[in-house]
Amino acid sequence: MEKIVCFGEIMMRLNPEGYLRLVQADRLMVSFAGGEANVAVSLANYGKDVSFVTKIPDHELGQACVNELRRFGVDTSKIIRGGKRLGIYFVEKGASQRGSKVIYDRENSAIALADPSEFDWKKIFDGVCWFHFTGITPALSDKMAAACEEACKTAKEMGIRISCDLNYRKKLWTREKAGQVMSGLMKYVDVCIANEEDAADVFGIKSEDTDVVSGKLSKEGYIQVAETLSKRFGCKEVAITLRTSISANDNQWAGMLYRNGQTWFSKEYLIHIVDRVGGGDAFGGGLIYSELEGMEPQDVIEFAVAASCLKQSIEFDMNQVSVAEVNALMKGNATGRVQR
Amino acid sequence: MEKIVCFGEIMMRLNPEGYLRLVQADRLMVSFAGGEANVAVSLANYGKDVSFVTKIPDHELGQACVNELRRFGVDTSKIIRGGKRLGIYFVEKGASQRGSKVIYDRENSAIALADPSEFDWKKIFDGVCWFHFTGITPALSDKMAAACEEACKTAKEMGIRISCDLNYRKKLWTREKAGQVMSGLMKYVDVCIANEEDAADVFGIKSEDTDVVSGKLSKEGYIQVAETLSKRFGCKEVAITLRTSISANDNQWAGMLYRNGQTWFSKEYLIHIVDRVGGGDAFGGGLIYSELEGMEPQDVIEFAVAASCLKQSIEFDMNQVSVAEVNALMKGNATGRVQR
Amino acid sequence: MEKIVCFGEIMMRLNPEGYLRLVQADRLMVSFAGGEANVAVSLANYGKDVSFVTKIPDHELGQACVNELRRFGVDTSKIIRGGKRLGIYFVEKGASQRGSKVIYDRENSAIALADPSEFDWKKIFDGVCWFHFTGITPALSDKMAAACEEACKTAKEMGIRISCDLNYRKKLWTREKAGQVMSGLMKYVDVCIANEEDAADVFGIKSEDTDVVSGKLSKEGYIQVAETLSKRFGCKEVAITLRTSISANDNQWAGMLYRNGQTWFSKEYLIHIVDRVGGGDAFGGGLIYSELEGMEPQDVIEFAVAASCLKQSIEFDMNQVSVAEVNALMKGNATGRVQR
Amino acid sequence: MEKIVCFGEIMMRLNPEGYLRLVQADRLMVSFAGGEANVAVSLANYGKDVSFVTKIPDHELGQACVNELRRFGVDTSKIIRGGKRLGIYFVEKGASQRGSKVIYDRENSAIALADPSEFDWKKIFDGVCWFHFTGITPALSDKMAAACEEACKTAKEMGIRISCDLNYRKKLWTREKAGQVMSGLMKYVDVCIANEEDAADVFGIKSEDTDVVSGKLSKEGYIQVAETLSKRFGCKEVAITLRTSISANDNQWAGMLYRNGQTWFSKEYLIHIVDRVGGGDAFGGGLIYSELEGMEPQDVIEFAVAASCLKQSIEFDMNQVSVAEVNALMKGNATGRVQR
Amino acid sequence: MEKIVCFGEIMMRLNPEGYLRLVQADRLMVSFAGGEANVAVSLANYGKDVSFVTKIPDHELGQACVNELRRFGVDTSKIIRGGKRLGIYFVEKGASQRGSKVIYDRENSAIALADPSEFDWKKIFDGVCWFHFTGITPALSDKMAAACEEACKTAKEMGIRISCDLNYRKKLWTREKAGQVMSGLMKYVDVCIANEEDAADVFGIKSEDTDVVSGKLSKEGYIQVAETLSKRFGCKEVAITLRTSISANDNQWAGMLYRNGQTWFSKEYLIHIVDRVGGGDAFGGGLIYSELEGMEPQDVIEFAVAASCLKQSIEFDMNQVSVAEVNALMKGNATGRVQR
Amino acid sequence: MEKIVCFGEIMMRLNPEGYLRLVQADRLMVSFAGGEANVAVSLANYGKDVSFVTKIPDHELGQACVNELRRFGVDTSKIIRGGKRLGIYFVEKGASQRGSKVIYDRENSAIALADPSEFDWKKIFDGVCWFHFTGITPALSDKMAAACEEACKTAKEMGIRISCDLNYRKKLWTREKAGQVMSGLMKYVDVCIANEEDAADVFGIKSEDTDVVSGKLSKEGYIQVAETLSKRFGCKEVAITLRTSISANDNQWAGMLYRNGQTWFSKEYLIHIVDRVGGGDAFGGGLIYSELEGMEPQDVIEFAVAASCLKQSIEFDMNQVSVAEVNALMKGNATGRVQR
C-alpha cells in the first residue's frame, strides 16, 4: 500500500459543551484539528497509510496533539517537534438562527514560523503516491507558502498526485494575496477541491445565478466554475461541495465532481447537524480514498458526499466513520435505524 | 390491587454523553434496562403493583441494579441473587443519517445461566393477575426458554393473563430457532405485542406492500399480520407499533390494536427523538396498564402509543411519565407548551 | 446616557443537563433569572446603563446572584441585602410532545416579604429615563403590589417612561386578583408588553379566531386586543409576542407593535428551540432598547423579535447577544452560517 | 424481623462539585438527606426493615425524594404526600483551614407545616420494635414538637424502644427553647445519642476539661456528661461521638457508650474526610443495628464508630456500607488496601 | 472610600479537572487570572473600590474576561479594549511528589503589545490612593516596562502609595534583565512584596542558611533580605511569604513583615492544598487591605497570611473569601469545623 | 533500537468519578488497562519501541482499545482482532479506612478464549530484545498458559531476555494452580518482579517478620525471599515492590533489587495516593527501561521506584510520565513545587 502525505497546521480546538456560548462556558472540550490533519484522520480511519507533516512545540500540549493523531493511526514520525506555540481555535456551536462562531488564536504558531528548509520533501515523499494540502497552509506565512511550493515541485518531480482544497480563510489573508499565491500553486495541482464559495473568494470565479447567503445554488453555475478552474490551472479534476444552509441546525448537502469536461452530481442530503466543522475535510478525505480505490466517478462523488454527510452527525472536526458505514449510507440507508 | 409479574434480563446500559460515538467517549452514562424491566418500571410509574423476576449477581453492580428497580417502586423481593455477571450493553446515539448502535455484552449473564428450577412460579404468581415476558428471555438460553414455558404453563393454570412482546434480537438467535421456540410459547399468550418487523423475523408473517427500510408501511398489510398471528396461535389480541424512520432524529410513530377481528389505529406522531431505545417497551407498559384499567379499545391503543411517544423524548430506556402526562397527550395537547 | 431601572424578583434557577427530567437528575445547572432581571441583562448587553432593584438575602447564594448580575454589567448598587431566602425555580426542558415544566419554590422570598418602605424611589429614579416591571412583581405579595404602585406614581411624577410586561403567572395569583391589581397599575404604563395569552388571562381581552393550544393565531384578533388594551388603560403602545408551538422543539415566533392606532407585524421565524424560557423577556429588552435608540416602528418590532428569536437558541433565561448580532438577523441573515 | 420507624424531615441537598465554593458553582450535585432519613438508610443497607415517616409535596421533587429512599429499600408507604415545599439545604465542602458551610432553606417545608393529626401513630407503629427521631424534628415547628411527643407517648404505650439523637441546630431554635422541649421528650427516650457538643448546647451539661474548638476532649468529662444525662432523664443508655477536628480534611473520631453506670470507649480513627456530613447519623444507624443484633457493649460502640468512620469516606449524607464492610473495619483492617 | 488601581495582564487559565495531567484531559476548566487581577479581586471581595487596568481584545474571550472581573465587583471601565489576543496559560495540578505545572502561551498578547501612550495615568489615578503592580508587568515587554515606569512616576507625583510584588518569572525574562528593570522601578515602591525566592532571583539578595528546594528556610536570613531590599531601594516596607513545600499536597505557609527595621512573623499554617496558584497574590491583597484599614503590624501580617492560607483551599487563582472569614482564621479557628 | 514485546490482556476499565462508590455512580470514566499493557505504555512514554500482543474483538470497543494503545505510541500491529468480548473491570477508589475495590468481568474475553496457535512467536519476536509478561496471562485460561510457555520457549531460543511480574490474582486461579503453572514458566524468566505478597501467594515463599496487613515489612525477610526465588528458579534478578498501606490515601512505597546475591534498596516515599492501581506495572516499566539503558543497580531500583511513585499521583492505570520527570524525582526533588 502506498502512502499519502498531508501537510498543514494542527491546532488545539476548544469549544463549550452543547449550545453554550463562549461567554457562558466554564469548561471547554479539548480536541485537535486542522484542515489537512482532518483529511489524514479520515484516510487512516479508512485503513490507508497516511502521514501528517507539520511542526509542533515540544511541550505537553504538543504531545497531546501528537497522541491524538497516533490514536487514529496517523503516522506522526515526520512531524518536527519545536517552536513555541500550538495554534488554538475556539468554536461556539450555533443553533437555529444563531450561526456557529470560530475565533482563531493561531498567529505565531510553530508551523507558521517554521522555515521551509526544515522539511526535507525528498525524504518525506519516499514511497508516497498522493500529496494533499489546503489553501490554509500557504496562508499561514510566506515561509509556509514557500514550503508548499517546494513540496508541490518535489511531488510533481516524483510523480506524486497532488490535491488541494482551496479552503479560503479571510482572517488569514486577503482575497488578493490568496489569489496570487494560490495561482502559483494551482499549476501543480491534479485535484482541486472547493466549497461553494472558495473559487469566488480566491480567484473571483463566480457561479452565475447563485447567492450563497440566501441559499440559492445553481448546478449550471458550478459546472462553469469547475470548467474555468480546470482550464485556467490545468487541473484534471475539480470537486465542489454544495451546502445550502437552512438554519444552523439544518443544512442541505451535496457535491459535484468534474473530470475532463464531464460532471457528476451526488444525491442531496438533508442534514440535522451535530457539528458541521470539518465537513469539507471529510469530503476531501472521502474523495482521495475513493479515487485511490479506483471507484467510478459517480461512486467517487457519492462516497465523498456520504462520508462528509456522516461527519456532520459527529462531534468535533475529525470524521469517525468506517468505509462500511459510508458505503451503507451511499447505498441508500439514510433513515438512521438502530443497528443492534 | 392485583399484581403484575415481568420476567427477563436486566442489564447495565452504558452510553456516551450526547451524540459522541463510543470510540470518542471517555465517560459513559450508567443506567439499567431490559425489555421486561422497562415494562415493569412503566407500570410502577403508573401506580401498579409490579414485581420483576430475574437473577442478578450478589455484587455491587447487581446491587446498583436492584436499587434502580426499587427506586421506581418495582418489587424486587422475587429477584434471585447469584451467578457471576450482569449483562452489559453499550448504546451509541445516532443523529441524522447515522443510526444508533447497540453492542451487546450479555452472554453468560447470571440469568442466561440460571436453571429453570430456581424459579418457583407457583409462589411467584401468588396474587398475580398478569404475566409479561418478551422474546428476549427465551432467546437468552435453552434454560431460559424452558423457564418461560414453565412460567407460561403455570400462569395459564392459575388463570393469569399472559402478554408477550416478540422482540426479535438477531444477535441472540436465528430466525429459525426463534420461530420454533416462540411458536411453542405463543400458544399460552393472550396479548401479542410486536413491532413492524418482528412478525416477519420470527414467524415469516410479512405485511404486504411494506418496506421497513424505505419507510413505507401499509395499514392493510398490518391488519393481515395481526389476523394471521391471532389465527395461527390463538391469541385474542395483537398490538403492533408502527415506526417510520425518517432520520435518526425524526420518526413517525403510531400503533394498531387488533382484537377479535376488529382493528383500531392510533393517531400518528412526528417525534423528535431524544432516546428511542425502550420505545417498544413503553408501548407494552402502556398497553398492559390501559387494558387493566378497562379502557375502550381505541383508548387502549391511544394510551399505549402516547406513552411510548413520550418515552422517546426521555433519556435512557425507562419511561419516566405519569398517567396524567400520557392522558394529556392522548387527549390532544401535543404542542409541548411550557407547564408552569 | 440616561439610566433604566428594572424592578422585580431574581431567583436561583436549577435545571437538569440536556433533556433529563427532574426525577432523573443527579446534578442541576445553576443560573439566576427573573422576568425583570432578564430584561436588565439584555439592556446591559446592548450597552445600556441599567440598574436592577430587588431585595436579596445577605448569604452566599444571594452574593452569587449579585455576582451574576454584575457579570453582565448590571448596576447592583441599589439592591437591598437582607431577608431570609432567595426564591428558587426548577426547570425541566421539554422535547417533542413533552412540554417543559417549571416548578416554583419562591414563596416567602426576601423580595416577597419586603416592605414597600424599603425602596426609596425618588433616590432610585435619580437620573433615570425608563422604568420597567412585569406583572410578576405585584403578584408576589400585596406589599410588592403596593411597592409597584408607589414606583409607578413616583416615576410618572418624575416624567419617567414606564413599561410593563403583563406576564401572567397562574401559580402566583388568580385571574381575578391579577385583573384587579393590574388594572390599577396599567394607568401609569406607557408601553404594555404581552404574550399571546396574557391579555385574555389578566383582563379577559381575547383575540377572536385564536386558539393558543391548537396553535391558531389570528392577526386581526391581536390588533383588536391591542386596541382594547390601549383604549381601556390609555397606554400609548402595546407590543405582543406571537408564539405558535408546533412541538417542544419547534416554535414559530413573531411579534406585533401597536402605536396610536397603527400596527406593525414582524417577520415570522421558525425556531429550533435550545431554551425558550426568557424569550418574552428578551423581547421586552429588545423593545426598550430599540425605542430608546429611536428606531422606526417597523425596526422596533423587528429588533425585539429578532433579539428574542436569538435568545431561544441560547441556554438559560438571560439573552447573551449583542446589538450587532440582533441587527445581522433582523437584516436577513437567518441561515446560521459559520462566522469564522 | 420487626420493623424500625424513623420520623423527621428529608430535604434536597445541593452541593458544588469537589471543593468549589457556592459562589463559584455553576452546577450542584443533588442528593436527599435528613438526620432521621440517613439513619433509616443505614439500617436498610444493613438489611433491616425500616420505614421512614415524613410529609413531602406531591410534585416531581417530592417524587425524586421518595425514589431515593426506595432505592435504598426504605419503606416509603407511610409517607404523607402533600404540602407545598421540600426543604433544601446547600453544602459547601471545606478544606484545610476553611470549614464546611451549610445554608438551610427549610422553613415552611411540608413537614414543618404538617399537623400532628396527620400521623396515625397507632397504625404507623404496628409491628414496630424501635422508634428513632432526633432533636431536629421538634425544632421544625411547635406542631412537630407536639407530633414527636405524641409519637413517643404512643411508642412507650406499645412497648417500643425509643432512641433520640439530640442533634442541636442553632439556626432552628435557641438553646433555651431546645432545652425546654427536649427535656419533655427525653423522659420517653431509652437511648440518647449525642455529639461532643449537644449536651452542653441543649441541656447545659458540659464536659469538664474539654474545649471543642481547640480540639481538647476529656474522656472523664464525657463519662460525667453521660451520667448526668442518664440520671436527669432516666435514659438507660447514652452514646456520644467524640470528634477532634484537626483540619477540615483530617479529624479524629471515636465514641463512647454508657449503660447503667458502665462505660465503653471505642478505638479512635484518624479520618481523611471525603464528606463528614451524616457522620453522626451513621453512628446512630450503626448503634441501633448493633443493639438490635444483640452485640456486646464493646462491639456495639465499635460497630457504631466503625460505621460512621466509613461514612466519612463517602460522598453525600447517606452511609453506603454493608455490615460486612463495617465488621472488617472494626476487626482491624484499617489500612484501606485494595480488594480485588 | 478611595480607590485602588491594579495594573497588569489578565489571562485565560485552562486546567484539567481534578488531578488529570494535561495530556489526559479532554475538557479544561476555564477561569481568568493574573497576578495583579487576583489582587484586585481580593480587594473587591473585601469591599474595596478597586479598578483593574489592562488591555484586552474586543472579542468574546475578552468579553468573558471582563465579565469575570465585573462579577467580583472590580471596576473594568478603565480597561482598554483592542489588540488581537488574550494571553492563555495552562495549569496542571500536582499531587504528592509530582509538582504542579504551568505552561504559558502569553506572548504577543494585547497588553504585551500595547503602547505606553494608551494609558492616561493622570486620569486613571484620579481619586486613587494605592497603586499595585508586580514584576510580571514590566517583564511582558519593553513597552510595558516603560508603562510601569510612567505609572509609578505619575503615582509618586500624585502622592499615591505604590506596592510591587517582585513575582519573578524566569520564562518571561532573564535574572539580569529583571534585576536591571526592577531596580529602576523599585525606587518608586513603598511596599515591596516577595516570596522566598524572588529577592535572590531578581536582585541576587539571598537568605543565608536557606535552601528552598530542600525546604529549609531561615528566619534570620529573611530579616536580612528585607533589610537589604529596604536599604538598597528605600522602600519602607517589605513583606515576604515563606512557603515550605513538603509535597505537592502539603505545604507550610507563613509570612514576615519588615517595617523601618522592625520585623513581625505570622503564625505558620500546615496547608492541605486545593490549588496553590494565586497564594502569593492573595497575600498581597490581604496586605494592602489590612494596611488600608490601619491594622497593627502584627495584624497586618496575620491577615495577609491567613487570607493567603485560605486561598490555597480554593480552586482557581482568585481568592473567594470575605473579611469575616479571614478574621475568623487569624483569630484562631483553624480546625475547619462545619459552619451550619 | 531493539524492540520490546509485552503479552497479555487489555481490558476496559470503568470507574466512578472521584470517591463515589459504584452503587452511587451514574457515570463511569472509561480507560483501558492491563498489567502488561500498562508496562508497554510506560516503555513507550520513555521512548522505547514496544509492541503489545493480545487478542481484541473487532467492534467499536475493541477499536477504542487499540486507539488508546496507539495514542501512547505502542505498536498495535501484532494485535489479533477477533473473538467476542473485551474484558471489563470496575474500580472503586477507596479513601481513608475504606479500601479500593476491583470487580472483574473478564471471563470469556477474546484473549482468554484465544488459541495458542494464533500467535506466531517467531514472527512476533523478530528484532526483539526483551519479552515481558505477568502471572495474569497464564491465569486467564489453560490455553493462555500454553501460549505463555510457547512464547517463553521461543524467546529463550532466540536469546531474548524475559521478565515476569508474578502478579497473583486470587479471583483468576487458586494458589495451588498458580504455583504449579508459574513454576513451569519461571525457569525461562531472567528478571522476576513481585510485590510484597506475590512470592508467598504463588510459591509459599514468605518473608519472615512481615505482616502485610498490619504494615510491618522486614528488609531482611525480603532479601531471603529474593534469594529463595533466585535459587529455586534460576532467575538472575528479582525486583520487589514494598508497599506499606497506612490508609487508602497514604502509603509508603519502596523497592528492592536482588542480583547475583547482592541487594539494593531504594529510598522510601510517603505517597498521597491519587490512583494506586497500576503502581506495580509502572515499577516493571521503570525497571525494564533502566535495565535496557544500562543503569547501575542502585539507579535501576531508584528509577523503577520513582517511576511507580509518580504513577500513584496519576489517574487511571497507565503511567503518564517522562524519563525527565522520573529522573528529577529520583535525584531528589520530591517536594512537588510548581514548575512554571
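Each chain carries a letter (A, B, C, D, E and F) given by its place in the written order, and its residues are counted from 1.
The criterion applied here is as follows: contacts are C-beta pairs under 8 Å (C-beta built on N, C-alpha and C of every residue); 3 or more make two chains touch, one makes a residue touch a chain.
Fair warning: this is a prediction, and the values are worked out from it, not measured in the lab.
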*Most remote chain relative to chain A, going by C-alpha centroids?*
D
*Most remote chain relative to chain B, going by C-alpha centroids?*
E
*Specify, for the interface formed by the sequence copies chain B and chain F, whether it is same or different in terms of residue numbers shared by both sides, with half as the dividing line.*
same
*What is the distance in Å between the mean C-alpha positions of chain B and chain D?*
42
*Quick one: which residues in chain E touch 2 or more of the other chains?*
18, 21, 23, 26, 67, 101
*Which two-chain combinations qualify as touching?*
A-B, A-C, A-E, A-F, B-C, B-D, B-F, C-D, C-E, D-E, D-F, E-F
*Tell me, which parts of chain A touch chain E in their complex?*
14, 17, 21-23, 25-31, 59-61, 63-64, 67, 84-86, 88, 90, 92, 101, 103, 105, 107-108
_Quick check: in the complex, which residue numbers of chain A touch chain B?_
18, 269-274, 306, 309-310, 312-316, 320-321, 325, 329, 333-340
*Which chain F residues qualify as touching chain D in the complex?*
18-21, 23-24, 94-102, 104, 169-171, 213-215, 245-250, 276-277
_Which residues of chain C touch chain E once you look at their complex with the stated criterion?_
67-68, 70-73
